[in-house]
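Chain IDs A, B, C and D follow the sequence of writing; residue 1 opens each chain.
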Amino acid sequence: MSDTTLIGGIAGRMPKFLRRADPAVVTAFACIVLLLLVGSLYSRSFLSPEYLLQQLKVASFLGVIATGMMLVILLGQIDLSVPWSVAVGAMMACAAAAYGPLGSVLAIPFGIVCGIAIGVVNGIGVAYLRIPSMIITLATNAVAQGLMVVYTGGFSPQDSATPAMRYLATGFAIPAVPNAVIIWALIGAAMVFLLTRTGFGRAVYGIGNRERAAYLSGIDTRRVVMVAFAVSGGLSAFGGVLLAGYASKAAQSMGDAYLLPSIAAVVLGGTSILGGRGSYLGTVAGVILITLLQSILSVMQMPEAGRQIVYGVVIVVMLLLYGRAPASR
Amino acid sequence: MDGAVPLFSMQGISKRYGGVRALEKAELSVTAGSIHAILGENGAGKSTLIKVMAGVVAPDEGRMLLDGSEVSFASPAAANRAGIVCIFQELSLIPELSVADNIVISDPPKRFGLIDRKAQRRIAEEALARAGASDIHPLALVKDLPLSRRQMVEIAKALARKPRILILDEATSALTATDVAKIFGVLKRLREEGLALLYISHRMNEIAELADQCTVFRNGRNVASYAAGSKSDSEVVELMIGREYSHIFPPKPARHGAAVPVLEARNLCWTDRLDNVSLTVGAGEVVGLGGLDGQGQRELLLAFFGVLRGLAGEILVDGKAVSIASPSAARDGRIGMALIPEDRKTEGLMLPMTVRENLSFAALDRLSKAGVIDRATEQRLIDDMVELLAIKTAGLDIPVGALSGGNQQKVVIAKWLMRQPRIVLLNDPTRGIDVGTKQELYQLMRKLADAGAAILFYSTDYDELIGCCDRVLVLYDGAVKRELVGAEITEHALIASALNIHGEGAGPLQGEGA
Amino acid sequence: EPEVVKGPAAEPDCFAPWAADTQFFKFPKKDGPYRIALANGYIANTWRIQMIQTAKAYAAQKDVAAKLKEFKVVSTGEDVPAQISAINNFIDSGFDAIVVNAQNPTAFGPVIKRAKEAGVVLVAFDNILDTKDAINVNVDQKGLGELWAKWLISHIPDGGKILEVRGVAGTSVDTDRHNGIHEVLDASGKKWDVTEVAGKWDDPTAQKVTADAIATNGPFVGITGQGGDTGIVQAMIDAKHAFVPFGGETENGFRKFCAAHAADGLKCSSAGTGPAQVAVAIKTAISALEGNVVPQSVKLPLAIVEDPNFKEGQDYFPDQSDNFFVGNSFPTCGINFTAQEIMGQTKENK
Amino acid sequence: MKDWRYWLAEQRGTLLALGIFVAMFAIYSANHPAGFTANVVQTAANKGVLLAFVAMAQTLVVITAGIDLSVGMIFTLTNCLASWLVIGTGLETAFGVIAVLGTGLVCGAINGAIVIYGRLQPIVATIATGAVYFGLALLLRPFPGGSVNEDLADALTGRLFGLVPASLVALAVVVLIVWVPFSRSELGRAAYAAGSSETAAYMSGVPIRRGKFVAYTLAGLLAAIGGLFLTFFTYTGDAAYASGNAYTLFSIAAVVLGGVSLFGGKGSALGAIFGALAFRTIGDLLFVFDLDPLWQPLFQGVILLIAVSLGAFALFRVRNRLEWFL
């Protein structure tokens, strides 16, 4: 299967990765280990393979969503429409399944296409109308929410996940490796390829650094921005599809829990919020960090208040460890 | 001025950036009431030296004495307080603030603890007047001003701080002859008033006119100090570049008849900036654009490159009308146009990205199959370019921002040459570039032309137009006022037609509006 | 404005007083038809959408519609001040009664004052108001917790490890239910070890935290969930956790699981009050406007279904959404909606 | 060009926001069953002023080219704190108010310190501090409750002379004693300069760090004033996560509607205030139009989308495509 070649490929590149590894990314991975060690003081189970695999599985939903977010952040933009893009993806995929066997087959693509549609609106707003992404995506998020409320109330919604969605999120194509993790790995590999090997990827970094210079170099910057937002919308929706598969159904508020964590994960992974700088490996580290942190805090019997405080403090401390901008002098 | 006590001196100053030695035990001393010129090729350490002086950069070692006592500056503000004011090479104006705000930015006049806008405006108007730039409205936002006006504001801002030592790091690089003349008047007056001035420029004629004392830098060290006028130009240049130097401009080939037109414009009009511009550029021809700065030259280049909307008139390539709606259309195979933009830092390069990524950025479509970059081809073309232009870099994978300005400029040019353009538009490409590099650039331009490219070249430096161009079109107020061909291209003719005055020997006027 | 009178209420079976000392109100009789408003807060979840659909369906019922001149609904989102302002606007616009699902039970003091001055009947439901001056249509949240705890106690003979999946921190509903559970567990004399996680009344969140809890603190002998219960069961299935007794809410999906896996040990108590309580609130408002005696605090019956009584088509609907909240009938109030009636509402109207 | 044209150009964003607000409010009050009455204005003012304070807070930070995703949480935290402290005798109440405002200042200062001296990216630093502030709020108010000095609350949410909403007057006072001095002070200008071009500002000897620090700190203060008003308006404290987050996001929308550039260096708190009022009026429009309740969120979303797209019309005037990239 392609997975073995993939793993082989990664292993083959490992030394190069390490050689060129960003200190921030290395520190981020070190923080992951530290977090697990601290957790294991509370319960040995935090080091158990089942628990770790389960975290990877749960992390892969955030991972897929953060992949899109990272692409947009590399452009120096942001996508605040994640919550309802996720919900739209999940709900529309489940909705399509109501339309007979054909619907079931098209469920997943349909969900993703709906997410892409939101992304395209974002992209048009940002690229062609030059509306700041922070605000246009906020607005499309509100519109998507409105559409879903109308949809839920107006029709008897079908909202259970199809078997295919269930399989993608919770099945095992390879023993012991949840499918969701494989999917994340594939999407991640595709993203790494896109960012490092293609003209599109270079253009993304170029625009993130200096859009004017990229434009004057003959890049169709507007198309690149638009495509990036569409991809982000599509990946958010795909995250929603997976999440629906995981929960075996879609619900409106599904995406709420993914907005701030996806931003935090990308930035924790060393990507500059101003765009133009960041590596996917960092995002992987960020996603795992956030997921683990949330999970460990959730299981330690701590009141919500304490959990929030620890969550915030840990993020700040980790960033102070490695996420600082260089001194100006 | 012999025997004068140094007002300020620097001893044994060193500064390293990673492996790069920007300064190596550099020395400098400055006396009051004189103008001290600093010369050196790109990356010689001039800017770094004055940044140390101005508190922007902390030196690794060495000491500085002001009035004989040791000082060190923790920030530009501290240096300002000591009376050292610097006009930095990369402008230090704040784009979203008004001219007046900018002029008083470091120490605004206050009333009841709040900024006194009336007083601020008065100070700004005075300072602008002193700099000879009263035409700039103090309430205008800096971002709305063209580069040349911004440099005037920068000078006014420095004057408003009442400095004891004033440093100008290539402060005139974007100015035209008239502005430069005004500034020189100001600087000479300041010298009379007893200020010490430090002047960095790559324009030899300016230094000859202004300087009392010169210091030449090479590779982070001061290699010579001499009284102005005691060495010939070519001696100085040899000191700078450390090798022999001759014939800055390559010879122009003889022309027989009209060249085959490659690029042609017919009656281009755009807002109030372009007024019925018609021109042709033939294969193998270098056509210059002259005139005072801001007469529509930049707009004309942008118009060709597909950047302007609502353009009236026709653009023809190879005699066929084309519509160019974006730079990506302009660079496209059939048209094959390239634009070396005005400001390499914001328009030409992505500074934090690597030299490699910048070099291949404009040619990615050619290097890719199905969107995937062919890295072997990329490497090969990059190597060719680095060799062709002799780009000095510590490696292909360092940020292009870490290169010296001249080498950055070469990267901008190389990234376009990689596409083998047939039409090359150059927008003041030698700004802030040292003589050695300039020479290489002129030769390159001629080489491209000889290979059949059509070149349209805008420069604020008349010597360049004279030395490089087969023909020069002089623009005034958005219209072509004169065409100078061959031997007609003289400094006198250029200046006269730039000011739109009919001097003797003026050629036939072009355009109906004249 | 309203007179405080002696009970019982006009329809004593429907308008049951909360407690023995609950006051009864008698508002001055107004002539119909009435203008009634529903000031909702958050809207974007199934419960709220279902509630609004039910309210519209109820207001459209023939005998109810005859009494209404206008029925207006506004949803203001999560922001309390916006909801307060909406109520103020309704008061200023001359509505006769305002039904509210309060974003915050304690924040409406000033509004209650204004409503009283203007003679507007204010009826709160679901998230009720912390006051003696407006009518509350109450669900016994603490009683719900007690009920679930009792269920667990009766099905788990020896005590042991319990998983408690809580709701949204900082809300009174979450706190009340939590307190109810713990008071009963503590009083039982058995030894309980309760693992608390925050499921936020949301299926995926509840599922995630349940999975984590099972992996790190499991296995459990009993589970109680305030919401997101479908997700909780899903997590048990995914983790191959044994089915254990479960005290939970009234989601259709949860009940589907309960019916399907009862034989394997998923013994459920599913209780709560569906969104249909809005209809009781509207009914109360109308009754008060008609000059009838109503309790200040109405106690809603809980819709309870417990193993082994899950009946298809009545207690759960296999072809309806998992997110659908069952428990839409209040027989004592003459209110009974079918799932189709509620969710199909708009479609039929179109 | 005449001086007034420069002034006009500078105030364009603010005036546009004012225009949008006036137009929307005119539509709203014209269709309101009660009409343009003191009550209706008071209701709208009380609601709008809350967001206006938070939007002002956001403006200060956005001017420095930063962003504060914790404003909503400072707002929530100070609300919870006020529900404990702003009660009792006049003196006690006064101390309470000072403590609440002080807390806001401290929260803002912490944000500032982390962003400026810790050199972290504001967006994620404030996501993290926002979580901490919310945790503290939850500690103070595990569930909604508390109380406030009702005389003070009624006075500040009532009307002056039976006509002018007191909250609007309070807003004006805050503008006069916080925003105006800030924007005209050296540090305020430093904040603008840092937002517009940090390197240029540094090179010019502008006290960037102090300017930014003051901006973040005052943002905390303004958010706390908002939190205080929330307490006056609701008489209670409530650690509501969703509502805190909503205020943060709304404040960004308000700031943009108010013509403040998210890239920093440009805009004014007055614009943001009008932006906030306009944004709030979008919600109010629901009330006067007879919309199906399930279509209301969509309606709001679409209006917001249209409102934020209005700025794009300026694009049609752009003749030089390079101006896209400023």
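As a convention for this text, a contact is a pair of C-beta atoms (placed from the backbone, for glycine too) under 8 Å apart; a residue touches a chain by one contact, two chains touch by 3 or more.
By chain, UniProt protein names: A, D = ABC transporter permease; B = Sugar ABC transporter ATP-binding protein.
Since we're looking at a predicted model, the values are computed, not measured.
Undergrad: Note the shortest touch-path length, in steps, from subunit B to subunit C.
TA: Minimum number of steps from subunit B to subunit C: 2.
Undergrad: Between A-B and A-D, name the chain pair that shares the greater number of C-beta pairs in contact.
TA: A-D
Undergrad: Using Cα averages as centroids, what's the distance between subunit B and subunit D (ABC transporter permease) in whole Å?
TA: Computed value for the inter-centroid distance: 44 Å.
Undergrad: Provide the C-alpha centroid distance between subunit A (ABC transporter permease) and subunit D (ABC transporter permease), rounded to the nearest whole angstrom.
TA: Whole-Å distance between the two chain centres: 30.
Undergrad: Whole-Å distance, subunit C centre to subunit D (ABC transporter permease) centre, using C-alpha means?
TA: One centre to the other, that is 35 Å.
Undergrad: For subunit A (ABC transporter permease), what residues touch not just one other chain but two or more?
TA: 145, 149, 153-154, 212, 215-216, 303-305, 307
Undergrad: Give the residues of subunit D (ABC transporter permease) touching no fewer than two other chains, as numbers and ranges.
TA: Answer for subunit D (ABC transporter permease), listing residues that touch two or more other chains: 138, 142, 202, 294, 296-297, 321-322.
Undergrad: Could you check subunit C for residues that touch two or more other chains and list them?
TA: In subunit C, the residues touching two or more other chains are 43-44, 49, 52-53, 169-170, 346.
Undergrad: All pairs of touching chains?
TA: A-B, A-C, A-D, B-D, C-D
Undergrad: Under the definition above, what is the set of subunit B residues touching subunit A (ABC transporter permease) in their complex?
TA: Counting only subunit B, the residues touching subunit A (ABC transporter permease) are 56-58, 305, 307, 326-328, 330-331, 339, 341, 346-353, 357, 360-362, 364-365, 367-368, 371-373, 375, 415.
Undergrad: How about subunit A (ABC transporter permease): which of its residues touch subunit D (ABC transporter permease) in the complex?
TA: Subunit A (ABC transporter permease) residues touching subunit D (ABC transporter permease): 78, 80, 125, 129-132, 134-136, 138-147, 149-150, 153-154, 211-212, 215-216, 260, 263-264, 267-268, 272-274, 303-313, 315-316, 319-320, 323-328.
Undergrad: Quick one: which bits of subunit A (ABC transporter permease) touch subunit B in the complex? Just the residue numbers, please.
TA: Touch residues, subunit A (ABC transporter permease) against subunit B: 197-200, 202-203, 205-206, 209-210, 212-220, 276-277, 329.
Undergrad: Taking the touch rule as given, give the residues of subunit D (ABC transporter permease) at its contact with subunit A (ABC transporter permease) in the complex, in rising order.
TA: Answer in residue numbers: 67, 69, 114, 118-121, 123-125, 127-136, 138-139, 142, 202, 249, 252-253, 256, 262-263, 294-302, 304-305, 308-309, 311-312, 315, 321-322, 324-325.
Undergrad: So in the complex, which bits of subunit C are touching subunit D (ABC transporter permease)?
TA: 38, 40, 42-44, 49, 52-53, 56, 72-82, 84-86, 88-89, 92-94, 103-110, 130, 168-172, 174-175, 346
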